[in-house]
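Take a look at the structure set out below.
Per-chain residue numbering starts at 1, and chain names A, B, C and D are given in the order in which the chains are listed.
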Amino acid sequence: MSMAQAIERFVPDGATVALGVALEPLIPFAAGHEIIRQRRRELNLVGPISDSLFDQLIGAGCVGRVTAAWIGNVSEGLGHCYRRACEQQVPRALEVRDHSNFSISLALWAAAWNVPSLPTRTLLGSDILRTNPDLSPVDDLVHVSAVRPDIAIVHVQRADEFGRAHAWGPLGIAEEAGLAAAGVIVSCEELVEADVTLSDPNRILYAETKVVAVVHEPGGAHPSPVQGFLKRDHAFYRDYAERSRSADGFAEWLREWVLDVPDRATYLKRIDVEALRIKNHRPSAPADYGDD
Amino acid sequence: MSMAQAIERFVPDGATVALGVALEPLIPFAAGHEIIRQRRRELNLVGPISDSLFDQLIGAGCVGRVTAAWIGNVSEGLGHCYRRACEQQVPRALEVRDHSNFSISLALWAAAWNVPSLPTRTLLGSDILRTNPDLSPVDDLVHVSAVRPDIAIVHVQRADEFGRAHAWGPLGIAEEAGLAAAGVIVSCEELVEADVTLSDPNRILYAETKVVAVVHEPGGAHPSPVQGFLKRDHAFYRDYAERSRSADGFAEWLREWVLDVPDRATYLKRIDVEALRIKNHRPSAPADYGDD
Amino acid sequence: MTERYSPQEMMVAVASREIRDADLVFVGMRLPVLAYAVARNSHAQSARGLFEVGLMRDQPADGFLGTMGDPPNVVGALWATRMSNAMALMAQGNVDLGFIGGAEVDRYGNLNTSYVGDPTRPTVKLPGSGGGADIAILSRRWVTLMSHEKRRLVDRVSFITSPGYGDGTAGWRKRNGLLGAGPVAIITTLAVLRFPEGGGEAYLDTVHPGHSVDEVVANTGWPLHISDRVTETSAPTDAELQAIRHFDPDGFWTGV
Amino acid sequence: MTERYSPQEMMVAVASREIRDADLVFVGMRLPVLAYAVARNSHAQSARGLFEVGLMRDQPADGFLGTMGDPPNVVGALWATRMSNAMALMAQGNVDLGFIGGAEVDRYGNLNTSYVGDPTRPTVKLPGSGGGADIAILSRRWVTLMSHEKRRLVDRVSFITSPGYGDGTAGWRKRNGLLGAGPVAIITTLAVLRFPEGGGEAYLDTVHPGHSVDEVVANTGWPLHISDRVTETSAPTDAELQAIRHFDPDGFWTGV
């Protein structure tokens, strides 16, 4: 399935969408840009820290609410579109449900286990408890209400057409996000045969019954890093940070990199992918699944 | 470290010990037999379903309490020592904290996240709620109290001397048991160099800071199966089931297979290991951890 | 004419017919593993099996299984994971059908696998719930398999490990917060008992070939309601028997 | 004589000295990553680093890190896992030291990284907690690094994202159920502020070379207590600078 088809079918206006759930790596920018091109509105974005992607979706006017722990640009600092939305309601007002990294993970585990909330000791003494109605202090615990995404979008190193995804490197809250979500869109660097994914069932991230679409989207996480495939494009993040300081600058950036770009393949032609490509190989030692 | 040393140092009388946390595979029988030889007493055994190992420890008089979902012999049925302990207090009385598989997992997650309890919808309507004080129904939820093992003992396919364990196949509640425990004893088929374990950090089961001992114990899980190494010894389970029907039969079995056996190496000499050895190989496709 | 078959083979055949195509089945040990394999090979070729040990499969394992954690069950698995992840899918209502083995079942479909007699001084200590209570409470619908004996099919179990319809009153499961709809059938060595829409008390639906209604009633621990449309259970087909014997070649589970 | 160095290099050197050997350190992004690397190469060679993205390391990454999730940080990792597992270790009290970056800190060590002004109509929306609140509440002790400006070191933060000692009254953290002991130092571009045993209000402990107590006081948003034993911060050693420049070769984090 193409990314355009996947977003068209599975990300309606008003949807609760989990994105960037592996934190700094494997951010599904291609999916986010397609959401912008299809002019989705009133989305509720769910994630831990978001390295620029939430900022872009907010600046493009797709977002009604964010349920997250941190929204900005990890190597550069503030998210300028996020600031404009919260401070000046530009391009529109934004509802913010503040979390910490731990609490957003627990909110997803609560949904995964189908309970109203999970208790934790974190956030005690934090004013986040005052501004987020999904967090209720009870005695010396905080009850974190379940957050159930309609869809989780994850980028992984490889997957097969049946939705069996292999991801490696730090996984952030990717597992609970997919388990909690009603459905998962998998975007992958490599589309492989089932004998590759099934050769290592422990590395399969999700039950295939959760996966509603598999999109073969090489470079779909740029400028974020993909272990074994692409390095992080620090300069691209810096350029975005500078140009997004003003609403006009952001509008121009968005036209150049999203709106006037039909798809990810075209986007990649404008980038020196070779300079980012990881060329050394560090294969994992095989696990022997022999049975007889 | 030898198994004898590991048990001597890290499994004192009265300890809360998690064993058999991967359910039917990877059961650390060698560790259990060493616990019996060292005549530990008043242990609180924690596990999901226990395929004969808990029954043996109970019959040997090592156990004061069991906190588990199921205790028996998976392919043969009832646990005869467990029955004698509960029905006739032979060799001694036993306290039983009944759980379901899901609730014992949640009890360990509660300890792992350091909260008093976690809520769930399972066990509603079950009389287990009446007999286990660690389970409290509140409205339409059950609060499962945290269970924190002093030590978790796990058998894995391979580990390095620093405690980095690689396990594959179904993992049951192995991850939460180790994370919840104050310490973990790792028993392994193969003791490998660190470059093997670190080549695949996603397959490392525990933070090495949790691991207090690594024991190289090939065949340490017999008669339970080890993916890629050994098949399950069904006949051995059947023989144990038949001989343990009577207290005398069990005593004789225990002498033959545990008390009169100095260590695992000697034990294995009495078994046709070759007939159980897995000879076909099914290596997993490598993951490329390249970074530059 | 069909071949001769064992009571266990009859139970497996009936159990396999409970699996609908595309069901996600929470597969318990022993006979249910065979029932899943038989169904996959016939009418439910897009069903998937979930195993509490932490596995999901489509094709049944190619080889005999003494337990669901045996190496052949891992080869070709669609997911090898933690038990709590399998339970999460069931808690979300994703499991269409569960199988539970029981030592005792009562007229309301409640199962006892914990204690015969007073739990503080039991006459028999049974192994316990395992995943049974989880399946009984969380799966959408479930089935239990049991040897048909008066001491096993009892009026009321002394201890409810895995709840069916509780005291049998209308809405008992909903009132008590149970997620799934409850048991749909008790498959025994003599017959198939079913429950009315919305649950309640089990009634006799079909009697296995070679057995009589009287025999079933005589071996049931409560005055059994008989369906006015009670029929004979259709015998295992040759294809069903062939599949059963392929997956249990030595009759470990289904032999006499 | 030591080389010239930037204020950031001074902060990294001081931060690295907060790491004790064998500490498990919850490493935040930017300067803390460098501080961990420096410490590992000198006095804390058996320390380990835990990264919220889901990594544990011993050796610092061999290569520049723009984020903790960059590929070089995964090579040689001791554990690649879920964030919630890293948080579990911290919730169990296994994390000895945490680092938190802040936009605003107050006299009681409370950090604001959420809202300047009324949260419902903020004059500045900051990125938020990230893992900051988790570290502030759950790690055994923690340190924050900040540019020393009157608008950043304020009397009371308008919003407590990551709690220090709250209102500064004795026992505030315990009373409110916070697990860890709280902040031990505020490391700035001009000085090092510390807290009394048991917490409370920050005081000036050392002033960086080339700066004066008056300058520090003038750039602090509350009447700053001065230790009667206030001294000069020891400058970065050549070894420290060498390590810093090895891990930040282009001065991405520490350049002027």
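The definition used in the following text is that a residue touches a chain if its C-beta (ideal position, glycine included) is under 8 Å from a C-beta of that chain, and two chains touch if they have at least 3 such contacts.
Note that the structure is a prediction, hence the values are computed from the model and not measured.
*Asks:* Name the chain whose C-alpha centroid is most distant from the C-alpha centroid of chain B.
*Replies:* D
*Asks:* Given the two chain pairs A-C and A-D, which is bridged by the higher number of C-beta pairs in contact?
*Replies:* Per the contact counts, A-D leads.
*Asks:* Could you put a whole-Å number on the gap between the CA centroids of chain A and chain B?
*Replies:* Centre-to-centre distance between chain A and chain B: 37 Å.
*Asks:* Distance-wise, how many Å sit between the C-alpha centres of chain A and chain C, to the nearest whole number?
*Replies:* 41
*Asks:* Express in whole angstrom the distance between the two chain centres, defined as the mean CA positions of chain C and chain D.
*Replies:* 58
*Asks:* Could you tell me the distance, in whole angstrom, between the mean C-alpha positions of chain A and chain D?
*Replies:* Comparing mean C-alpha positions, chain D is 27 Å from chain A.
*Asks:* Going by the contact rule already set, what residues in chain D reach two or more other chains?
*Replies:* Where chain D meets two or more other chains at a single residue, that happens at 55, 70-71, 74-75, 80-81, 84, 87, 91, 179.
*Asks:* Residues of chain A that touch two or more other chains: which are they?
*Replies:* Residue numbers touching two or more other chains: 106, 113-115, 120-121, 141, 168-169, 171, 175, 202, 227-228, 231, 278, 282, 289-292.
*Asks:* Which label fits the chain touch graph of this model best, line, ring, star, complete or other?
*Replies:* It is other, because the touches fit no line, ring, star or complete pattern.
*Asks:* What chain pairs are in touch here?
*Replies:* A-B, A-C, A-D, B-C, B-D
*Asks:* Tell me, which parts of chain C touch chain A in their complex?
*Replies:* 24, 48, 55-56, 63, 70-72, 74-81, 84-85, 87-89, 91-94, 179
*Asks:* Write out the stretch or stretches of chain B touching chain C in their complex.
*Replies:* These residues of chain B touch chain C: 22-25, 48-49, 51, 68-72, 74-75, 77-79, 82-83, 85-87, 96, 98-103, 105-106, 109, 120-128, 130-131, 139-141, 168-176, 224-225, 227-228, 231-232, 234, 237, 278, 282.
*Asks:* Which of the residues in chain D come into contact with chain A in the complex?
*Replies:* Residue list for chain D touching chain A: 29, 51-55, 66-71, 74-75, 80-84, 87, 91, 114, 119, 122-134, 136-138, 159-163, 166, 172-173, 176-179, 252.
*Asks:* Going by the contact rule set out above, which residues of chain B touch chain D in the complex?
*Replies:* Listed in rising order, the residues of chain B that touch chain D are 112-115, 164, 175, 179, 198, 201-202, 204, 206-209, 289-292.
*Asks:* Could you list, by residue number, the parts of chain B that touch chain A in their complex?
*Replies:* 106, 113-121, 141, 157, 166, 168-169, 171, 196, 199-200, 202-203, 227-229, 231, 278-292
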